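Chain nomenclature is as follows: A, B, C and D, assigned in order of appearance, with residue numbering initiated at 1 for each chain independently.
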Amino acid sequence: MKHQPDMKTLLHWHEQMWTIRYFEDNAISSFRKGHFTGSTHPCIGQEAIAVGAGAALKPTDQVLATYRGHGHALARGLDPKRLMAELLCKETGCSGGRGGSMHLCDVSKDFWGTNAVVAAHIPIAGGVALSNKLKKNGRVTAVFFGDGATCEGAFFETLNMATLWKVPLVFVCENNGFAISVPTHMAIPIENIAQRAQGFGLPGVTVDGNDPRHVHEAVSAAAEHARRGGGPTLVECKTTRWERHSAISAGKYENEDEAMKWKKVDPIPRFEKFLKDHGVKAAKLDEQRERAKKLNDEALEFAMKSDHPKTETAGDFVFA
Amino acid sequence: MKHQPDMKTLLHWHEQMWTIRYFEDNAISSFRKGHFTGSTHPCIGQEAIAVGAGAALKPTDQVLATYRGHGHALARGLDPKRLMAELLCKETGCSGGRGGSMHLCDVSKDFWGTNAVVAAHIPIAGGVALSNKLKKNGRVTAVFFGDGATCEGAFFETLNMATLWKVPLVFVCENNGFAISVPTHMAIPIENIAQRAQGFGLPGVTVDGNDPRHVHEAVSAAAEHARRGGGPTLVECKTTRWERHSAISAGKYENEDEAMKWKKVDPIPRFEKFLKDHGVKAAKLDEQRERAKKLNDEALEFAMKSDHPKTETAGDFVFA
Amino acid sequence: MSTRQLSMAEAINEAIRHEMRRDPNIILLGQDIGNYGGTFGVYKGLFDEFGPERVRDGPLCEAATAGFGVGLAISGMPTIVEIEFMDFMTLASDAMCNQAAKMRYFFGGQVKVPMIIRTPIVNRLGLGAQHSQSLEAWMMHIPGLRVIIPSNAADAKGLLLTAIREGNPTVFVEHVRLYPSKSPVDDADTPIPLGKLRVAREGKDVTIATYSGMVKPSLDAAINLANDGIECEVLDLRTLAPLDREGICASVKKTGRLVVAHEAVKTAGAGAEIAQTAMEGAFDYLQAPILRVASKDLPIPTGKLQDLVYPNSADVETAVRKVME
Amino acid sequence: MSTRQLSMAEAINEAIRHEMRRDPNIILLGQDIGNYGGTFGVYKGLFDEFGPERVRDGPLCEAATAGFGVGLAISGMPTIVEIEFMDFMTLASDAMCNQAAKMRYFFGGQVKVPMIIRTPIVNRLGLGAQHSQSLEAWMMHIPGLRVIIPSNAADAKGLLLTAIREGNPTVFVEHVRLYPSKSPVDDADTPIPLGKLRVAREGKDVTIATYSGMVKPSLDAAINLANDGIECEVLDLRTLAPLDREGICASVKKTGRLVVAHEAVKTAGAGAEIAQTAMEGAFDYLQAPILRVASKDLPIPTGKLQDLVYPNSADVETAVRKVME
């Protein structure tokens, strides 16, 4: 690999993955306890993508993601407190409690938000990337989306336009095998989603999305390519979805085994094994995990204690 | 070539091309004289595609096309009288005078109409093709569209869905180098539109669209492939547009030379040369041309003499 | 004729099942409609009975899904497309509004477009601004479309039967909160005509014209108001296109007062058309201004703020009291 | 301050040119907007002055074009997207209505979306059902959008200046028949506030509330009616969101009568909202039912049948005489 992170970085990734995992665990249990309504779409099992790709970006780059984007927000350095508060629709939430689980945003971190219309954020990311090009600011935009999104017109149109205009954009597809209940083979007639790129003339690569090092490698290369003016790249990260689409909808898998498939390829134990093989002590890993847990428990407490937005503010933020 | 038409067929094509040419000439002059309003989008210079592709289809197959689809209607055997009457929005028009130049239709000829929203008819054609598959009726659907349409989401989504479901559909792209004023290189980042197919796993071929024999060859192969259950093919026919987009809008070409480019590659003289090289007498060709002209002059006369739809019928045909 | 208690979801399922048994050409298109049974489970069992060719689960592409629906429909295969949330009608709107709705017309009657989009209003669930909209007014504004928007199981079944048999482009608007609510439904095959409202409660003092999710809150308000001697006539419009203009005016002529209630945002919602219908047809009978109860003109927030944005039974009550002043 | 006679197309061009000179971040997106100058030539000369980076001609993909516009806008680059015919707003409607309109709200005010879609109503030209629609009511129904719909050059310029400077998601609805019509326009840089109607003609007997393509026919009707002693007050609403509800009610309170005129089809059009505005705010003053003059509820045909479908000056006159009875 060209981009070899040092051990300190790798350890940081380990802690980040746990931070995301615990965040999602808390999200699910809070939802189940009725602390918020709507739904929430955990990225459990997909943490390696958020972390590996996130690490390939500079703080000045921009990120846009989907409703399954809590991990991307955390990897981007958003405060878990304010994120959890947003899930609970509290005033202190990162979006002022108006957006909820599917509309997380922190512009100060150049996290330009998560979106609830599948693929609709992809052309928006194209526009953000185009602004970088026009401003010649050297920034790169990364947009995350699922396999399902790669059947939507907005995705294809953006592949075309972004490639044509050579905008500094990295398309990161998290192919977790399902769009709600529809398996990829019932939606996509090609083997690898990266192959989509061939119809548009941009590079496309497929990587193991459950290893943050591979994701990091591919997204780093794509970001560099974009920064050099080479235009966009489509990076497909193969992964496995958590047992269900969201905290409400069951995945309706054929059997329990299928539902728990993600556990067999869980990126966290796998990465822990890698770290241990490279000499990291179990105690170190435990310590990081504990810290991640504590961080999230505090976040949940903060969110629980926060107030709901005042009703008289319901009309705020419609127009500038 | 695998599909070698006999001389009789070739001569028929010759006459068809002239029929289309004269039809369009009359359309333009009628429009200029104010015999109808709106606009009209001639397929002058693109006749070889309508004729070559049309000949590759069976009478029971279905055709859908765009506003630049007069040629496809004629090649499909629609009556020039009723077509011209439709342009003039007369009661006797093929669509009862409601549709005009952009909405020609004759279901009895399995010509399922021309459409004025770029690319919107492509998924509709997909549905028609799917109905063939479900009915197992052995029919194939051909859908015609321009280069511009190959940037629209509806086109891409249909490539995906049609390939996935292996519907008997032939995508025929008439790449005439322009979408109104936008040249293909300012819209499409790849060399050949046929390459789009690679992102979806269907076959894609590029042919000389100004030679009906090449178009016929490619569309025949695609139709056979579809009929055999192999699914769709994308056939790109490279051609050159008439001097302008429509009878009103100037193409705003850089210069006169550019505007008249189509004349240099006009498929008709080229095909006539081919026929002469193969022993056809000039007199025979002239005779065919005259007949085509006469047919169209009669069509125009018919259209001119026809009545406008009665005002009390304006509300007809909204609901079944 | 026997009746059973069915939920609205079951009634819709029953109507579709019934029609699919009758007509082997009927096709279902959408996402998650196969074994999964539809996003909200409305298609339970249909995949098992009719198989993957007729219950066609597929890729996430609303525009092409609706476009394929139009193509199937004109080919003599009546098609029902599920759009998972009404908010995503944006993506299917070209196929539905520029194609399905107009095609029969601009082809001079040569084609028939038996295509139905079923789509649910999914509001008050806290899913946020992109998953909470009621866009029936958009569809009502497109000539060539039927817009059906039932509030209960029996109406849903009867109207859907009619829509399928009539074979015109139809937007069938469901409501996620109404899916589980049960009411008696005929065993028999009784289509309900389009454009005929249902008097959900008779009354002489004021007319409440409403539909879908606001029927129940309006009836609740009517009960409370009756305690104070105000007798509301509650009209469940059931179809917005065609709109039962006569029925609305007849009621308003009787009561002299009208309140219109819906969950869509107020401005340029269906309520304006309903109100103006009474204005044009019953002006001389009006004893008070027509008032509207509707969502506030805001993108819909999540969380507690929703309570402020959506209308409720108390809002209907307030409006009625106001027109009774 | 000097004024010149400008066509509406020139006035729009001037406003955009002026703003692009002032703010180097402003970007134009669309198809045929480069050297070609826009489908209807509104951008004449802008490509030459500002070049291909800022006047970005591109591929035919309305959805992504509008989506890119949103992305540029939130990145501090105010963007004007041209949608070639208003009928194709269907394709841009997700980007505009589910994204641009709501994004500032659901992100708690963190982003600003200075994005304008310019789109023309292209009716009465005989282009048929897919090229003749007036869909402003759709846009008016989406909280978070500005809807501007001028009838003359001066208003077009002043309102567009305001829209660009305000920096909110805006649908700027032009009208192809009005592009060439000339009227005096200020040299000066005078933005016109949104939500303030213009009294196009004063009168005491009846109010005609109208906009865009129906202003001129309404004024023509008013002249005819004045000959018979009927004095019409013609209101050019200019913006539909915000709607000048106060201004409408003030006029109706004066005249006691209201006719609403627009070219969109009648059912669920903006006219219903405008009428209901007077109902809610001026009921006690109404001496006659509010009537609407609008297109018939049909897909728009080509040819002579159009004359029957679109409203004209005579229809306005008839409606006014009716409310004066």
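Here is the rule we go by: a contact is a pair of C-beta atoms (placed from the backbone, for glycine too) under 8 Å apart; a residue touches a chain by one contact, two chains touch by 3 or more.
Small disclaimer: the values here were computed from a predicted structure and weren't measured.
By mean C-alpha coordinates, which chain is most distant from chain C?
Farthest by centroid: B.
Starting from the mean Cα coordinates of chain A and chain D, work out the distance between those two points in Å.
40
Taking the mean of the CA coordinates per chain, how far is chain A from chain C in Å?
36
Would you kindly tell me how far, in whole Å, the mean C-alpha position of chain D lies from that of chain C?
Taking the mean C-alpha position of each chain, the two centres sit 30 Å apart.
Quick one: which residues in chain C touch 2 or more of the other chains?
In chain C, residues 58-59, 61, 63-64, 87-88, 91, 94, 98, 105-106, 128-130, 143-144, 298-299, 301 touch at least two other chains, as defined above.
Note the residues in chain B that touch 2 or more other chains, in rising order.
In chain B, the residues touching two or more other chains are 97-99, 103, 115, 117, 151-154, 157, 160-161, 164, 186-188, 318.
Touch graph of the chains shown: is it line, ring, star, complete or other?
complete
How about chain C: which of its residues touch chain D in the complex?
The contact residues of chain C facing chain D are 87-88, 90-91, 93-94, 97-98, 101-102, 105-106, 128-130, 135, 137-138, 140-141, 143-144, 241, 243, 264-265, 267-273, 275-276, 279-280, 283-284, 286, 288-292, 297-299, 301.
Using the touch definition from the top, list the residues of chain B that touch chain C in their complex.
The touching residues are 93-99, 103, 105-107, 112-113, 115, 117, 120-132, 134-135, 153-154, 157-158, 160-161, 164-165, 316-320.
Can you check the complex and tell me which residues of chain D touch chain A?
Answer in residue numbers: 27, 53, 56, 58-59, 61, 63-77, 79, 94-95, 98-99, 103-114, 143-144, 146, 166-168.
Along chain B, where are the residues that touch chain D in the complex?
Those in contact with chain D are residues 36-39, 88-90, 97-103, 115-119, 148-149, 151-153, 179-182, 186-188, 249, 252, 308-309, 311, 313-315, 318.
Which positions of chain D touch chain B when the two form their complex?
My answer: residues 31-32, 34-37, 39, 57-64, 87-88, 91, 125-131, 296, 298-299, 301-305, 307-309.
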